[in-house]
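These are the structures in question, set out in turn.
The two complexes that follow have chain A in common; it is paired with chain B in the first and with chain C in the second.
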Partner chain A sequence: MIRYIIRRMLWVIPTVLVVSFLVYVAMDLTPGDPANAVLGDVATDEQYNQVREEMGLNDPIVVRYFRYVVNAVQGDLGTTLYGKRSVWDEVMSRLPYTIYLTLASIVVAVIFSLPLGILAGIRQNTWIDTLASVFSFVGMAIPNFWLGILLIMAFSVHLGWLPSMGVHGFKSIILPAITVGTGLTASLTRTVRAAMLDVIRQDYLRTARAKGLSNRVVILKHALKNAMIPIVTIIGTNMAGLLAGAMVTETVFSWPGIGYLTIKSVLGGDYNLVTGCIIITAVLMSLILLLIDVIYGFVDPRIKAQYVEGR
Partner chain B sequence: MNSNDKKVLEVKNLTVTYESEGSVVEAVNGINLDLTARKTVGLVGETGAGKTTTALSLLGLVQKPQGHVKNGKIIINGKNILEMTEKELENIRGKEIAMIFQDPMTALNPVMTVGDQIAESIVKHEKVKYEEAFAKASELLETVGIDKARAKEYPHQFSGGMRQRVVIAIALACRPGILIADEPTTALDVTIQAQVLDMMKKLKDEYETSMIMITHDLGVVAEICDEVAVMYAGHILEYGVLEDIFNRTKHPYTEGLFNSIPDINDDKIRLVPIDGGMPDPSNLPKGCVFHPRCPYADEKCKTEKPELKNISETHQVACIAYDRPGFSLGRSNS
Partner chain C sequence: MLKAGNEMQAKTMNIKTRKTTMAGDSTSLQRSKASEVWLQFRKNKGAVVALILLILIVLVALFSDIIWDYKDDVIKQNISEKLQGPSLAHPFGTDHVGRDMVARVGYGTRYSLSIALASVVIAVIAGGILGAIAGYFGGWIENIIMRLTDIFTMIPSALMAIGIIVIIGIKTSNLVIALGITNIPVFTRITRASVMTVRNCEYIEASRAIGASELYILFVHALPNSMSQIFVQATLAVGNCIIAASSLSFIGVGVPVPTPEWGALLSMGRSYIQSAPYLTLFPGLAIFVTVMLINTVGDGLRDALDPKLKQ
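The block that comes next holds the complex of A and B.
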């Protein structure tokens, strides 16, 4: 298992290299010029060329990228365009907020979708099942920014119960987490329901009942343990969407995470910062997917066995 | 009545249907069945005869919402289980009556260790701590011929034969008075079949368990059963002690079952399969359910429903052909 995890961690390296190269090239191709951005409009050609030379902008892109990577592995992602702060420090100071928001929205999704999906599955074609599917469709259709604004209007502006922006204790996470988590809640509810419907017909549930176990134990222990396998898969495959959703939501709620920082740096044309943000997001994504894979091993002993054998 | 002849299970006029969108499958139609303490009754019939459905209704486990136990009585140790609450049913399942399921590959929960799955039953019925139950479960594994160190392993780590042993261990965990074995060896290959059957026989005697053995293998019946009920399309067509069924066969369907076994000692006796197939259970024939496939059937069989009648103290048959003077089966006097 440990060897498997180490091997998977090593795979993060080429993934991030590919992503970072693509981002680096894309940033290079975008119109605009860092030297211009530094100097403003009033520089002479001489000054301009000097700055380009200083910034290494006259070298071929492969050389520049190579230099970037060498610096990056030492924790140096360059400096921000404005204020000349370290990009690494800037991104790292935001990282905990994004992780916090992502985990909180997963928690929200699990808290709502598990009971709803289980009930819909074991009471197929009843009102609760209908309610669950209506909720799922609506939840998947609503765009994050719109839901965020709606929640702010209802709970911050109208009722005044929860803050609409920034970070002020636990209350602040509630609305952003619901905003990001709604899409996941919707697809998880459908997954849990389908998994329950599938599991509930299995012979081993009959075996469990034949032992004299109560319905509650049969559902919450035997059925749910098996249903966890597709549930974890769906959380994993939704991670990309979740991080993208976080980017929009962080902006709506002025949540100081990487997403908000990315948007701000794109708007400000801060090349180094954009590249840094996206690379760190890619690393984060890879690590979360690895975590999901490891959790997988714990929910399904058959998969764990493969890890061990397949060293 | 001798106390050894105590009835542990009585089934009276049991009727079970599966209903869905207008179609009604008549899976079990008014069957009667008695089980005497420590005896084994064989329930024999082709696929779709309603054997598993009968077994499930004895545990109150006929699958809802389609399945309905329409009427009848199922009396276990003097109590009618059809009148029990869910709570009362939970208390007798696994304790007074337990079941070994048909397919060992799907009967075990893939994400729980086998030890856990056995221990659960012990925790429920014997009110012991989990550790103690797990230790007992390990001992049980040993009893069914599996190294107890493997209690911490998962079902996918076991072969089909071993999984069936685990399923047997689960059923026997609390030494139930009644054991229903639903084709316990059908999914296994022949050498393993014999081992598993031998083991069940031994444990059944040791635990003084009464058993209903469901099978379509007459070889298994000959080996293990005291009495036999021949089931077809949800009806019991013939019922008797082993010798009645094997040596004094009375029902044309039972005869058909024997004729369809190939005889490896004599290749001149040809295999005579029964003509046709099982009737559609949602549209059973009028009269005798077997008449469309019966070589002896006449006009009367198409309209008149035969009752199960005693022809000796131990032997019952449901066939109106015996109303005809001098009627006998081709096989019966050989």
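The block that comes next holds the complex of A and C.
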């Protein structure tokens, strides 16, 4: 198991290198010259060349990328175009907010989808099943940012219960988390229902019932435990979408996370910051996927056994 | 018993269709398959209603330049009538410069649908070719393509689209390209999987035995077998692309102003959520309803093409 985790962790390194190289080269192709940005419009050719030389802009791209990576490992991603702050510090100060929002939206999704999906699964073709399928249908089609605005209209503008922007204590996370989590809630409800339908017909459940266990114990202990694998899978495969949804939602709620920062830096033309944001998000993403793979092992002993024997 | 009966029936049906194909030409085979799918699809009442409504929306998109005059109804400002609530003359109200929102949302249908459709076409072609090559030839080519696909799926799609747009500039055509690229991995995976399942079939071997070239076999024999799956996925991808395109326009990196794309309309209405909530309500509703219809039709299609999958 540990060897598997290490192998899986090592695989993160080439992935991050490829992603960051692509991003770096792509950002290098963007119009706009950093030396010009430093000097402004009034500068002689001599000054211009000197600055380019100092900034290392005349080196081949592979050399510059290598330098970027060496610096990045030491926590230096260059400075922002405006205000000359450290890109690393800037991104890292936003990271906790994005992680907080993403985790909160997973919590929201699990809180809503587990009971709904379980009930829909064990009471197939009743009103609660219909409700669950209508809900997941609506949840999948509703655009994140529109839902966010509707929630703001209802709970901030009309009722005045919850703040519409920024971070002011626990109340602030509620609306953004619901906004980001709705899509995941929708697909999780479907998955939980399908998983329950699948598990409920298995022999071991009949055995559990035959042993005289109560319905509640059978559902919660035996059925749900075995339905966990598809649930974890869906959370895993939705992580990229969740982060993407968080980016847009952060803009709607002025939530100070990486998404909001990325979009502000894109609109402001701060390419150093954009590169930093994208690379850090990609690293974050690959770490989350690693985590999900490891969780698999713990959730399903059958998968764990595979790792232990096979490797 | 019942199951066995069904299988028997299926077998006799199979024999019948085989007989007709042997007797008839290839067009009759295609017609019979299409009509079989339609017969299945027709059983799903919800999907049929959704299809009819969707056709109406497509008609609006096709004829929007006849229904509304782009210069006079959609773009021209009319300050004296600004920010009027919904009324008989303007059922969706007017925006901050007095433009009729019915005309703008209606004309937006054309933009939102065509952007999404064009992106999916790009993704299907590129992803289809990559997936077919990977699935058919295998080996190191497959390894490279699939590893790259893995890496690409790791970057949240919204982030990737934003990155691409930053590089190539904010333009409607660039939005299409960016969305197309972000959707490639899905189609690469599907095509590869379905080509792999037919790769070792006897008819492929037979075709090779009579001297057909590998590329001919790939495109004429292997690919058509994955068409139905790709088609279903493409339908659902159009819905997702509508949301993605409007999200990007909402953030400000999608279509340039004053294009009446739905997300752009929403973004503009956002400044008026207190005084004129209808400005965000109707464009959002347009996105939501269209995507929901597309998803319903897509689900219906999937069930019709593969009744085995239906639960």
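The definition used in the following text is that the second predicted complex is superposed on the first by the 303 of 311 C-alpha atoms of A that agree within 3 Å, B and C clash if a C-alpha of one lies under 4 Å from a C-alpha of the other, contacts with A are read in each partner's own complex, and residues count from 1 in each chain.
Everything that follows uses one rule, which is that contacts are C-beta pairs under 8 Å (C-beta built on N, C-alpha and C of every residue); 3 or more make two chains touch, one makes a residue touch a chain.
Source: prediction; values computed, not measured.
Participant: Does the chain A-based superposition show chain B and chain C clashing or fitting?
Facilitator: They fit: once the shared chain is superposed, the two partners occupy separate space.
Participant: In the overlay of the two complexes, what angle sits at the CA centre of chain A between those of chain B and chain C, given in steps of 10 degrees?
Facilitator: 80
Participant: When the two structures are overlaid on chain A, which partner does A:Ala141 contact: first (chain B), second (chain C), both, or neither?
Facilitator: So A:Ala141 only meets chain C here.
Participant: Going by the touch definition up top, name the partner, chain B or chain C, that contacts more of chain A.
Facilitator: Of chain B and chain C, more residues of chain A lie in contact with C.
Participant: After the superposition on A, what does A:Thr15 contact: first (chain B), second (chain C), both or neither?
Facilitator: Only chain C; A:Thr15 stays clear of chain B.
Participant: Touching A:Val218, do we find chain B (first), chain C (second), both, or neither?
Facilitator: In the superposed model, A:Val218 contacts neither chain B nor chain C.
Participant: So in the superposed three-chain picture, is A:Ala186 touching just chain B, just chain C, both, or none of them (first/second/both/neither)?
Facilitator: In the superposition, A:Ala186 contacts neither chain B nor chain C.
Participant: Once the structures are superposed on A, label A:Ala282 by its partner contacts, choosing first (chain B), second (chain C), both or neither.
Facilitator: The second partner, chain C, only.
Participant: Please work out how little space separates the C-alpha atoms of chain B and chain C at their nearest point after superposition, in whole Å.
Facilitator: 6
Participant: For chain A, what residues appear in both contact lists, the one with chain B and the one with chain C?
Facilitator: The answer is that chain A has no such residue.
Participant: In their complex, what parts of chain A are in touch with chain B?
Facilitator: Residues of chain A touching chain B: 202-204, 206-215, 222, 225-226, 228-229, 299-302, 305.
Participant: In the complex of these two chains, what residues of chain A are touching chain C?
Facilitator: 15, 18-19, 23, 26-27, 29-31, 137-138, 140-146, 149-150, 152-153, 157, 194, 197, 240-241, 243-245, 247-248, 251, 262-263, 266-267, 271, 274, 278, 281-282, 285-286, 289
Participant: Show me the residue ranges of chain B that touch chain A in the complex, using the header's touch definition.
Facilitator: 56, 59, 61, 86, 90-95, 98-99, 101, 103, 106-112, 117, 120-121, 124-125, 154, 156-157, 167, 170-171, 173
Participant: Quick check on the complex: what are the chain C residues that touch chain A?
Facilitator: Residues 148, 150-151, 153-159, 162-164, 166-167, 169, 239, 243, 246-247, 250-253, 263, 266, 270, 273-274, 277, 280, 284, 287-288, 291-292, 295-296, 311.
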